[in-house]
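Written below as structure tokens is the structure these notes are about.
Chain nomenclature is as follows: A, B, C, D, E and F, assigned in order of appearance, with residue numbering initiated at 1 for each chain independently.
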């Protein structure tokens, strides 16, 4: 689902930048002789990488920010001279966000709340009509000004900056999402059906690690911690 | 402006394919393991080429149709194995349109009405929720079922197929469009300002050829013909 | 050797599609204005990936099928919009094989018999003159209709479909294959020569894992299982 | 047809390099760690460019030779660092042919006999098992040692070098060729059918220039000259 | 020679940016996580395009400025998302030069003095240690602060900005330059040798147009105008 | 730092090949119609890969040599047909070095002395004016003829071959290097500051492995071995 959300984020961002949507009125890729829009992607994981692929594909001026130099190296090798990578510090994010036309928040930490990388103060420095898309909204969002929205009313304004924070982005493209989900879960479903859950868990610790609740107790440590409860991992 | 319209056509097409817009609910580029949407671009001129660049950039499955083999050769050399080219015949268009998720009408004939390449009968064979974007709408449109719409209400349905036929597409991204227009016209404006219109016309037949009306009479032959009037070219 | 076989599979497939070889008479990459041939590659491992590189290089319309979504993700990132990836299910293979001009069987399971992914019934649905190349033939083949052939008589017909099932494909390009083999084995040869086999095995479990028979007994578990015998691993 | 022949030349060249065909036994693209075969393409026109696209696609080590620096510039810009271009002189051709695994003769001069760029003496310096493919054979061939062959017996040996000189190469892929031919000729057929030949010739000098014989006399100057006759152009 | 100069300009620019040369101390392409240097190329003709190829190849952040939208379109199609194009106005140049690490002046007007696109005032706004390379220096230079230098002492400082203005740049790579020159002139030399100059001039107006002086009089109009003399074209 | 050194090696190599630096006088990428320079990169690790990216970017004719086939496979997949990979043997290095214009020594073995891959005898076979750049010089160098130099006097000649052996290459681009170093070390600095060194070492064995000396004793085994001392690893 991270892939679907990552790819969609650029196309909803492009649509939100149109004048009729209240946006700044720029075309993501510009045209020859007219500079492209500046896209900043916070997080170079699965979502961020798929967002980058689409933004580069639309010929935008793209920068990916991540706090792992190793990941930036991989991205640099994948994309060559068609995107820039910068190491994530508060100063870097401040500078990039101020000039951006479109910022994609793609910071996902497994099971935990997303860090608030873009503060309310930073949003104030942005251009009127710029666009923020928060893919991390299901985990609380990575912009301080984010709150969840729906496909019916996907955006709201803070300081003139458009926020797109739909909680279930992949729901907009159900045919693609359903297939992607089936592909990703089919091996697990087969294992559960063939072996029963206990044997399947024993054989595949990755599957076992996906268990959040068992017999009325939270089994997943990160989830428990986020809720202020104690975990009871399955043995 | 053809460049802006061509590039925009893919992003509005992608947005229209989302479920909330009434579309088929597919992501243009699919995701790994899930096939991409099929995009058919009618016309490989400036608009069509820019549409192709964006569609390929979003990882769609793209076919461009044109009736010039020379142009298909150029496109094939530009895009390599990332798009297919097919020679334009009625049979080819019927086959491609039937399976398409998104069809871009990019057939522009200078000053003349666009040919109706996609008939009402062909539209009937399409999938419910598929999308047509008619860039040629300013010249009457190249789908038989097209009629002009506005940015306020950009789409309508015929046989369950979404039609996007906004008459002034570049108006959605005014900052990009205004700059593009300035770049394109600045040399002419300079010539007119420096030399006066008569001298400027004498020096640049291309500029002179842009004159449509002079002293109450139509000077441009194609325009005159389209209106059923006779032309009075400037001498 | 998997690399050599993978790369060769496309060039023998292209040759078999020529009319003089009894094939369908299509050029793998088509030409501008004429659609390319459809190539389906079953398996995205080393062989399949090298086959895909060559097929994309010849401008064919390529789909790779694999049952690991992770592997499809890597392929998608490597090839961008120039190939499609689909998750492996029986329904997917049926649909793709029916329309294919060339199918490459590149499903290798270490030491075990290859699964029969394409059944006799699926072959019946294919076009007369289409081509199957079975790289997995050394492990029994992944088409139900395969049986081993030689470079002297490399192909046979089943239901009008050309089968290329040469058991030792790399033998056709001995200069390339000999060098590739030397490169791959030189480190092991050096270790065996320098240390003697016992010490070399202790230092490198990967080398030790390559032992199939020792002192008259089968030491490799997968091989033993495939033959219905019990394994006696070296300690 | 030049496109079909150009693309096919690489795939028949690759097949001829296989041991079973008597070739040198190398894989065109090598594999990682093993150098690729050296391909030299004489002529950077339509045929040569399509041959280059395929050879680069198969990962060979490709050099294109042409006597137009402008054309080399275009090729360099199209292919970047994946092929080399050299200006055509006898010394250059001697040096390149001596080291080549595969030489493609793609020198076509409209209506005239092809120049003999590779002499018998140069062929003597080549490796046993190297391959020459002469696309220019329909115009006499550009290797001194060429003579036309057929799809039934496509190759012969001179000094241990394999010559592939099939006179009608596109005949091997009739489905692709027939479509390509239809696409290329359809506009002329339509013009002839709609207007009659006299009017069609008047409107399109390019079409008129294709006339070789009329009322028992040769009308095409180059053809007449090649045959030692005098031309009677249509007025 | 424009090609050699264009390609060399980036490598001398990169060397001048090193600390030991007095430069700003940045690596043209940065490294993953560290932004690349900003390169601005004034002029998108032959020199500028070759400079752009090298700068993009070194992973710099490249913008090309030209006053022909058509040329910008071609560059955009060649380079995709790996460079930006901007239409040339004084305001654009001011903005870009102020932020640049390396500016390449590649504005060549056949036979005429190059326009002074970068004024002394603009140089004052640049960073200390930034670098200007003036390929147009043989025609007077396109920076107001330029004056010709030699390979022995190639650079000088104005307002802390390094100027590289070697009058005969290709002289630094004589093997490459001599071959390039031979390739470019060989066809003319052959024509002059075979036909004599009068006949060669009649057959090839392009060659004739290269004549600057004949029988003690200037024959080339642009040259004459630049020197304030009147031209006596050959008839 | 390996990245900075790898990228810089190509730009200093290109500068050293210029005539004024005493070099062979060739442009790394040649120009269309003139062959590019031959660049051989010994070692396909981080430095070597970044060197390869720059050399390919400048359109040189690049071969990377490594003794890991797996690494060559990855490089082949990253670079496609724009570079060649060869397996490292003495015979291969001899052959490649003899013909090379520029050789980059990028063989780094963690903490140990670099192996002398290019012997004095091989240097004797090279062209006068060819260039060697030894990135491994900080670890003793991988050319037998290397000795450390400084940015003030970066090169020396052996048998007419230019040696560039600056011990601290990244020092030439301090702005880029300082940022790269900060990015790479920031996570460790944070850990040390937050946790104290004992706790930080316990949590991150990679950080602990970086300790060379503690309480007057060498703790790093490879360093100790290189100095002929015994190691006292921290427990």
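In this text, a contact is a pair of C-beta atoms (placed from the backbone, for glycine too) under 8 Å apart; a residue touches a chain by one contact, two chains touch by 3 or more.
Just so we're clear, the structure is a prediction, and the values are computed from it rather than from any experiment.
Student: Name, by label, each chain that touches both members of the pair chain C and chain F.
Tutor: Touching chain C and chain F alike, sorted by label: A, D.
Student: Using the touch definition from the top, list the chains contacting both chain B and chain C.
Tutor: A, D
Student: Taking mean CA positions as centres, which chain lies farthest from chain C?
Tutor: Measuring from the centre of chain C, the most distant chain centre belongs to E.
Student: Quick check on chain A against chain C: do more than half of the interface residue numbers occur in both copies, making it same, or fewer, making it different?
Tutor: Different; most numbers are used by only one of chain A and chain C.
Student: Using CA atom averages as chain centres, what separation in Å is found between chain C and chain E?
Tutor: Measuring from centre to centre gives 52 Å for this pair.
Student: Taking each chain's centre as the mean position of its Cα atoms, how many Å separate chain C from chain D?
Tutor: Centres of chain C and chain D (C-alpha means) sit 33 Å apart.
Student: Distance between chain D and chain E based on Cα centroids, please, to the nearest Å.
Tutor: 37
Student: Identify all positions of chain B at which a residue touches two or more other chains, and write them in rising order.
Tutor: If we look for residues of chain B contacting two or more partner chains, we find 3, 29-34, 53, 56-57, 59, 69, 73, 77, 80-81, 87, 179, 183.
Student: Using the contact definition from the top, classify how the chains connect: line, ring, star, complete or other.
Tutor: other
Student: If we use the touch criterion from the header, which chain pairs count as touching?
Tutor: A-B, A-C, A-E, A-F, B-C, B-D, B-E, C-D, C-F, D-E, D-F, E-F
Student: Considering the complex alone, what residue numbers of chain F touch chain C?
Tutor: 67, 69, 73, 77, 80-81, 87, 89
Student: Under the touch definition given earlier, write down the residues of chain E that touch chain A in their complex.
Tutor: Against chain A, chain E makes touches at 29-36, 56-57, 59-62, 69, 72-73, 75-77, 80-87.
Student: Name, in rising order, each residue of chain B that touches chain E in their complex.
Tutor: 3, 49, 53, 57, 78, 179, 182-184, 186-187
Student: Across the complex, what residues on chain E touch chain F?
Tutor: Residues of chain E touching chain F: 3-4, 7-8, 11-12, 14-15, 17-20, 24-34, 50, 53-54, 56-59, 151-152, 154, 171-177, 179-180, 183.
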